[in-house]
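Below are the structure tokens for one structure; questions will follow.
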Amino acid sequence: MRFSMLTTGAAALLAVGASAAQAQTTLTIGTVNNSDMIRMQGLTPEFEKAHPDIKLNWVTLEENILRQRVTTDIATGGGQFDVMTIGTYEAPIWAKQEWLKPLDGLGDDYDVDDLIPAIRSALSNDDKLYAAPFYAESVLTLYRKDLFEKAGLTMPEKPTWDFIAEAAEKVTDKEAGVYGICLRGKPGWGENMAFLGNMAREFGANYFDADWKPQFESEGWKKAVTLYVDLMTKYGPPGAASNGFNENLQLFGQGKCGMWMDASVAASFVTDPKQSQVPDQVGFAPAPCGVEGCPNDGFNWLWAWSLAIPNSSQKAEAAQAFIAWATSKEYLELVAEKEGWANVPPGTRTSLYENENYTKAAPFADATLNAIQHADPSPTDDKPYYGLQFAAIPEFQGLGTAVGQQMAAALSGSTTVEQALSQAQAIATREMTRGGYIKN
Amino acid sequence: MATLHTKNAARAMMAPAVIVLLIWMIVPLAMTLYFSTLNYTLYNPFSTPFVGFENYSYFLNDPTFLAALANTLVLVLGVLAITVGGGILIALLLDQDFYGVNIVRLLVIAPFFVMPTVAALVWKNMMMNPVYGVIGQFLQALGIAPIDWMTDVPLLSIVIIVAWQWLPFATLILLTALQSLSMDQKEAAEMDGAGALSIFWYITLPHMSRAITVVILIQTIFLLSIYAEILVTTQGGPGSQSTNITYLVAQQATSYGDIGAASAGGIVAVILANIVAIFLVRLIGKNLDA
Amino acid sequence: MARNVSPGRKIGTTVLAWFVGLVIFFPILWTFLTSFKTELQAISIPPVFVGFDWTLENYQTIQTQSNYLHFMMNSIYLSLGSTALGLIVAVPAAWAMAFSPTKRTKDVLLWMLSTKMLPAVGVLIPVYLMFIRFGLLDSRLGLIVVLFLINLPIIVWMLYTYFKEIPGEILEAARMDGANLRKEITQVLAPMAVPGIASTVLLNVILSWNEAFWTLNLTTSNAAPLTAFIASFSSPQGNFYAKLSAASMLAIAPILIVGWFSQKQLVRGLTFGAVK
């Protein structure tokens, strides 16, 4: 009796599923729970109205969990996703593995040439686009204009780390709960190492040299990490070793930070009165240099959250239609219409920065574009890998996180900078040897 | 005849449970054992040459391996100490007569129902955050500088979070045992002029020993494989100060994509767990005459 | 328990017990309160306790972002399904162990428990590959089977200790009266076993509800339970304490309420043979 009920139920379910499948294609989209993606999810009805034969099924997860899920799935050919949200770290590696479908059917009016060149090249392999950028970021110095004025400081057009150190000291007022500088400390290749990898570049040092030898004991890394630990210990907020992007965003938004160098998307949050208590007091400056003529003018950070189609997807055509929609100019206009121009996903299209509506609404527009245009992640003679704040090789994820743990230990004072860097060097050498980069 | 019949029936009744568990144990274990001898990474899943014991020597030579081993022990023993010690005290308290017994009982049992991930998120963000956390605010109100829990005492923080989750379990089992202690025994002892402490020491505690054994056994099984709480809070750091064996193995798989090393680590963890199991059974077996 | 104690002592105990209870409960209470604050109030310094403008905004935001009911239904399916399957397999096994014990019964029991010590993450890839092979990824059936397997040792153990307390003489007596096996089970033993089974069911439902490793790794959307729901609200960009609190309350409320209402039942059976 119960069994027959079950089978009837199952049959009914199957029947419903089958008839729905005939009429519609359902796309399963894996994405991170960042605000811009959540906004995109909220616009699902708009897409489904334009494409009545496609239904969107969102899987929104926290960044680390999403990354683990999609990596396991794509590497084992699980086929659970039709569209995956990946970054500039994954895109070149996965494209090389032939895990992604090239995006060659985005349509004629997509205007692929409008994509900012640095971003486009970061997501391409052999001139074929493998992931379409949803929003992109580089690094900016955010600072509090009111606090700088009070301390009698003016932010130079092109700050140096020496100036930053001086300013951090002057702005700090711990009695009033104001910390001169807030930086990432939470360990992870995409957390503190994104900042520190970028800072080391500002001191002229890379992760690996031309022979893939790790560089953590080089002069540049020593200077960068020593200054970082010194500044954060003296002028940073308590608990800095567990502060990531979010925690710093909270601190800055509450008026507790004098300066903050981080991803340029932070600019739109701290100027939003709904999320910040100091929306009108934020100034934007370029990333600082630690040495004369530092690479990329200090902008050593490039990241783009992007949409890609795994090879295992059976619904590539519908998936391309979705990606074309989500990364189009029309999508930007749609968001502008609903949420205002300041809230459109930044950093992907040149035309956005030529749009007066946007530049007027977003005081950070020029600074962001300038930063992204300078950040060139291509390999060079002394840097054999793609990427700036990361190295686009599969081993980097694990290695970067392990090194990030050492940096957090140095920041928390449980080891010295020297010890942490030599540990980092040992860890990295061990991994690179195992990965076959360093030949014995 | 009848006993043979029942014996066969008993075997038949046990068979499904034993068989499914055997399959669940052996199939993945065999695959893991096989993978542990291959150079198998997620980034090159089609070329997996045989490498013998290389993965094992790589995993065992990991500089964090010994630290992780020690952390695992501290984590298990620390949580056991807090939950058993605290459990006994709270059970003694709840065994008393007071107003609102039923409501207090509900309050004490509540953490047992909370998802480990939620527990970790709540503690990390709302309780232990040095700036916004309630504990920090409270300490600051008392004029004490807030503690940066996840950085300065990462392992202790995780011990506290996990102990909070398991305290209700220990308390409830110990309370049940306590309530089965006959009044007569206690009263007889009181008549003999024994003080509260000696009653506790010579009568109550021995009576609870079986319950304590059970708490230790069941909790150890869960505590050895703590993962979510670490992932959500410290991610094993700073350095490797809060990495346990499970987390170390997980990192090989999820962060490095190195299935060979993760499998070798998995096998090592299984061997270690079995050593603990044998130890536990020795220690506890006689107390648990089935 | 029913001893006479002086009123003074009773009041002292009351104060102490309530203090301990509230300290233990505080993180949940605080999460509950925070879930009704705005994001800026949630991180205000000094913290506000109840004197804020209560708002349902967070719950609304969460509902528009993800379909809570879908996740909750999956949690219900998974925990009930795996529990049902567990009972079908475990009741006979525990029964046999309790009423026809052999020399090896204890070894079998401890072996079963030891299978729980396998670190799940060590076998993730093998299990994932098997799930692909059998088409079980993101299916409720696949997860029900996995949850059933990981909890089976605990169910068997718990039922076994409970069954053991049923005196064998009752069986004998029933047999003497000419009861056949069926009658023996349905009329004599079942009524005695029900409380034990009930509390086993409760514990297993709780464990399945809260399992976060397999449920996260083996589902995407169709079968995703509340553990996946919470994973989409932990640390997004921007301020999130209030939203996280609301999501946390939504994830734990159903099981907390069920647990509270049935706690007497649960506690009665939650001895694992700890009490003779």
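As written, the chain order gives the labels A, B and C, with residue 1 at the start of each chain.
Criterion: a contact is a pair of C-beta atoms (placed from the backbone, for glycine too) under 8 Å apart; a residue touches a chain by one contact, two chains touch by 3 or more.
Computed from a predicted model, the values in this text were never measured in an experiment.
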- Message: So with touch defined the way it is at the top, what topology do the chains form here? Options are line, ring, star, complete, other.
- Response: complete
- Message: For the interfaces B-C and A-C, which has the higher count of C-beta pairs in contact?
- Response: B-C
- Query: Where the centres are mean C-alpha positions, what is the separation of chain A from chain C, in Å?
  - Reply: 37
- Distance from the mean Cα position of chain C to that of chain B, given in whole angstrom: 16
- Message: Please output the residue numbers of chain B that touch at least 2 other chains, ranges allowed.
- Response: 131-132, 254
- Which chain C residues reach two or more other chains? 43, 45, 124-125, 129, 231, 234
- Multi-partner residues in chain A (2 or more other chains touched) are 68, 72, 76, 250
- Note on the structure: chain C residues touching chain A in their complex are 39-40, 43, 45, 64-66, 124-125, 128-129, 131-132, 137-138, 216-217, 220-221, 224, 228, 231-240
- chain C residues within the chain B interface of the complex: 1-3, 5, 10-11, 13-14, 16-18, 20-22, 24-28, 30-31, 34, 43, 45-47, 89-90, 92-93, 95-97, 99-102, 105-106, 108-110, 112-127, 129-130, 149, 152-154, 156, 160, 164, 206, 209-210, 212-213, 226-227, 230-231, 234, 241, 244-245, 248, 251-252, 255-256, 259-260, 263, 267-268, 270-276
- For the complex, which residues does chain B have touching chain A? 41-43, 45, 58, 63, 129-132, 146, 148, 150-152, 231, 234-241, 251-252, 254-258
- Message: Applying the document's contact rule, which stretches of chain A touch chain C when the two form their complex?
- Response: 28, 30, 33-35, 38, 41-42, 57-63, 65, 68-69, 72, 76-81, 244-246, 249-250, 253-254, 265, 269, 275, 277
- Could you please specify the touching residues of chain B with respect to chain C in the complex? 6-7, 9-11, 13-14, 16-18, 20-21, 24-25, 27-29, 31-32, 35, 90, 93-101, 103-119, 121-123, 125-127, 131-132, 134, 137, 141, 164, 167-169, 172-173, 175-177, 179-180, 183, 210-211, 213-215, 217-218, 221-222, 224-225, 227-228, 232, 245-246, 249-250, 253-254, 259, 262-263, 265-267, 269-270, 273-274, 276-277, 281, 285, 288-290
